[in-house]
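Next come two complexes, and both contain subunit A; in the first it sits with subunit B, in the second with subunit C.
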Partner chain A sequence: MNFGYLLIVDQQEENCPDYAKMAYALALSIKNTQKPGYDQVAIVINNKKYLARFKSLWVFDHIIEWSDKTFWDGRSYMDRLTPFENTICLDVDMIFLRDYSHYVDYFIENCDLYVTNKSYTYRGEIVTGNHYRKTFEKNQLPNLYSFYTFFKNSAEISMEFFPLVRNITEYPKEFSNIFLSEHKPKILGTDEAFALSAKILGIQDDISYDLEFPKIVHLKPMIQNWPWPAELVTHHVGLYLNKQGQLKIGNYSQTGIVHYVEKEFINDENLNVLEELAWKK
Partner chain B sequence: MEEIEFLDEIVFPETSYMAMFDSVSGAVLAVGPTTAFGDSKNVIKIDSDTAEMIIDGEINIFNCAVDVRNLTFELIEKKTVSMIDDVLHRIIDKNWSSIDNPDIYLTVNVRLKKIVVELTEEFHGTYKLPAKYQPLIKRNIIWDGDTVLNFYITEYNDPNVLYDKFNILLKDLVDNKITIKCKNLPKKFSIYTRRVLKNYVLEMK
Partner chain C sequence: MTRGVLIFAHNNRDVDYALMSLISASLAKKNLQLPVSLVTDDTTLDWMKESDIFEKANDVFDQIIITDKPKTDNSRKLHDGANSKFVPFVNLNRNQAYELTPYDQTLLIDSDYLIFSDNLNNYWGYSDRVLLGRAINDIVGPRRLGYHDRYVSDTGVHLYWATTVMFTKNEYAKSFFEVLSYVKENYQYFADLFRFQVRNYRNDIAFSIAQHIIDGFETKSEMHLPGVFSFIDKDVLYSVDKHGKMLFLVNVTADEKYFPTTVKDLDVHIMNKASIVRNAEQLLELI
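Take a look at the complex of A and B:
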């Protein structure tokens, strides 16, 4: 089996979120929790110099320097950039908390391309709020989340899907004017590009049917089913990572993959917890 | 007609604003255009948006203060403490904290199971601030005699698991450090508090 996780980072200079650090933390958490054979990690980064400060670069099995595209646009090239035959491409502001290798087994056996179509609150409820998804609702796009995307490189469907995603990313205004006229997004992000590509190709039911997994906790504040508006999740609940690498949010133990959103979560202390666990493993 | 054309060519300078403050307490006494304060001492430049909101009464001047140490203008809103980090604030270990001017400093001797709590010398406590903050202008603050500092000793980074707790009256830390003997002090733990002051730091010995 040739499988691995792909992380794509475009690290900007000062005053930008430290995506390289988040990718490093995610790679540590993958190494800490996944079984051998399911714990390969490749990072694509615009400049390797941003990784030099980390103590355990061995958590990256492949380091690929690539800077042809900036910001999020590089993610539409995930099929070209991956060194694996079977890949799960992840957003870097996520953390693994237990073994999810059974997800991988399922995807490899049953899917050529799968894009997640639901997310969960920290209390384990399915996210139903549309605060961040007005473009999807008004334009009847499939509710796709690009933060966890499985694909087989050789699959025909990948060869149709990703080139169209690239086109959409390259010409956002043109695609918005034609296909997203009911509610144009301020920025046509990867989620919108994925959803639009799936809709145009008419493959949404093939690449994103209903599954109970992956279970990904999405910590954007306005979709936590709280009865009040929230600016940040951490204004209302704490995120507590213990020495065993287990995470509680408020008083809820987390077992799914957590998409923490607030970049400050990966501070030096939490990074040290993840590093110590990796060193002891 | 000529006069109007002449007026059109005048470029009016952008109004800048200042706040006058009490040098000891930092309370803001007046806000207005820079020209209004002449050579007055104890004035600080503030941004025009904030100044105009104060002048228009949108911000109460009594909710404004100047940090006399850093000479920064601060808005102090009286509000219910509702953010979780204020209600349940984890005191960060010195090794991981970027705070070098703590208001409250805890020194933990794990072997002896003792915790020493100190207030910064800036508020007339016993904790000495680093040389870069010296000489220090001490702030004359009269503490409400009932202000209590609550400390909770918990599982490392998990306030859901409580091992021990203790309370200290803030006024008791003036010119005095307090040592607490803790029976239940595990090897790895965190200390949480209700955030009465801004900066807290913990040192393990």
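Take a look at the complex of A and C:
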């Protein structure tokens, strides 16, 4: 089996979120929780110098320097950048809290390309709020989340899907004008590009059918089923990572994957917890 | 393995819980074909004797278990349709159900829960959990419910409804009730932790927190009892016919408009306690 997780980072110098640090934390959490053979991590980063400060670079099995595209745009090249035959590409502001190796087995056995189509609140409810998904709703796009994408490099469907995603990312205005006229997004992000690509190709049912996994908690504030609007999740509930690497959000233990959104979650203290666990493993 | 129903009833000066428990027990006994026991106190028992229902109670109840009446300052606004007043209520000993029940498997119900079907008999097999009413299921639908009918607090845990609780005497249930007692004894602490305002001690909240803790601080989608089909206390049970068809006047909107509706053969939680008492004779005739 040739499988691994792919993290794509475009680290900017100043006043930008520290995506390299988040990718490092995610890689640590993968090493801490996944079985050997299911814990390979490759990072694609615009400059390797951003990684030099980290103590345990061994968590990255592959470090690939690549700077052809900036910001999110590089993610549309995931199929070209991955060193693996079977890949799960992740957003970097996520953390793994349990072993999901069995999911990987399922995907390798049953899928050529799979894009997640639901997320959960910190209370374990499926997100139904459309606050951040008006473009999807108004333009009848499939409800895809690119933050967890499985693909086989050799699969025909990947070879159709990703080039179109790249095209959409390259020409966002043109695609928005034609296909997203009911509600144009301010920025055509990877989620929109994935959804539009799937819709144009008519493959949404092939690449995103209903599965109970992966269970990814999405911590954007306006989709937590709260009775009032919220600016930040941490204004209302705390995120508590203990020394065993167990995460609690408010009164809820988290046992899946958490997409924490607020970049400050990966502070030195939490990074240290993840590092110590990795060293002891 | 013995099975039975357990009801708690402690009268106050305004609400005849003894009479309600007799009605509830009679219907449960008839429709579930199970024995029913009552947990009550001396003063409530005296009232049952005084109000001439003691003989009937002896006939209906498998056992009448006397316990101390918990001391409490709990009071709440109770509606009877458009009218309302503040009344005291005693609900502080539900955590003793595990110790007090004479049965191996127990269905614990509120005295304002009237059973007209054998639906709950389908749940006895799930003995590895304490089963709680999954949620409230209001006659009007979700639009009449508030956020805190579904969650303990704004950011807090799922609210189960302890109107119906089913448990088996085993280590799991024993632990559950120990946690429940701990929550009850430290209610203000748990209010701070789970971020709800303490007006009165509320069993639904305490049971929900105990369930949440026992489930490992998660809301599990495992087996629960069905949603508690309910009429709020602004609704009125107007009449009951000899076939068990109940006519309700339902306060659909916040104003004074009432709409009639009938219910038959469904288990129903009638929060307007005065209207149960007004229809006691007809309800008891159904037995």
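One rule holds for everything that comes next: the second predicted complex is superposed on the first by the 281 of 281 C-alpha atoms of A that agree within 3 Å, B and C clash if a C-alpha of one lies under 4 Å from a C-alpha of the other, contacts with A are read in each partner's own complex, and residues count from 1 in each chain.
In this text, a contact is a pair of C-beta atoms (placed from the backbone, for glycine too) under 8 Å apart; a residue touches a chain by one contact, two chains touch by 3 or more.
Because the structure is a prediction, the values reported are computed rather than measured.
J.: Just to be sure I read the superposition right, which of the two partners does A:227 touch: subunit B = first, subunit C = second, or both, or neither?
T.: second
J.: Quick one: is A:268 in contact with subunit B, with subunit C, with both, or with neither? Answer first, second, both or neither.
T.: A:268 contacts subunit B only, not subunit C.
J.: Identify the partner contact of A:255: answer first if only subunit B is touched, second if only subunit C is, both if each is, neither if none is.
T.: second
J.: So, A:236: does it touch subunit B (first), subunit C (second), both, or neither?
T.: Touch status of A:236: both partners.
J.: Please indicate which partner A:123 is in contact with in the superposed arrangement: first for subunit B, second for subunit C, both, or neither.
T.: second
J.: Would you please give the residues of subunit A that touch subunit B in one complex and also touch subunit C in the other complex?
T.: 236-237, 248, 251
J.: Where on subunit A is subunit B touching in the complex?
T.: Listed in rising order, the residues are 234-238, 240-243, 248, 251, 267-269, 272.
J.: Inside the complex, what are the residues of subunit A that reach subunit C?
T.: By the definition above, subunit A touches subunit C via 123-125, 224, 226-228, 236-237, 248, 250-253, 255.
J.: Give every residue of subunit C touching subunit A within the complex, in rising order.
T.: That would be residues 147, 154-158, 193-194, 212, 216-219, 221 of subunit C.
J.: Spell out the part of subunit B that touches subunit A in their complex, as residue ranges.
T.: Against subunit A, the touching part of subunit B is residues 82-85, 88, 90, 92-93, 96, 155-160, 188.
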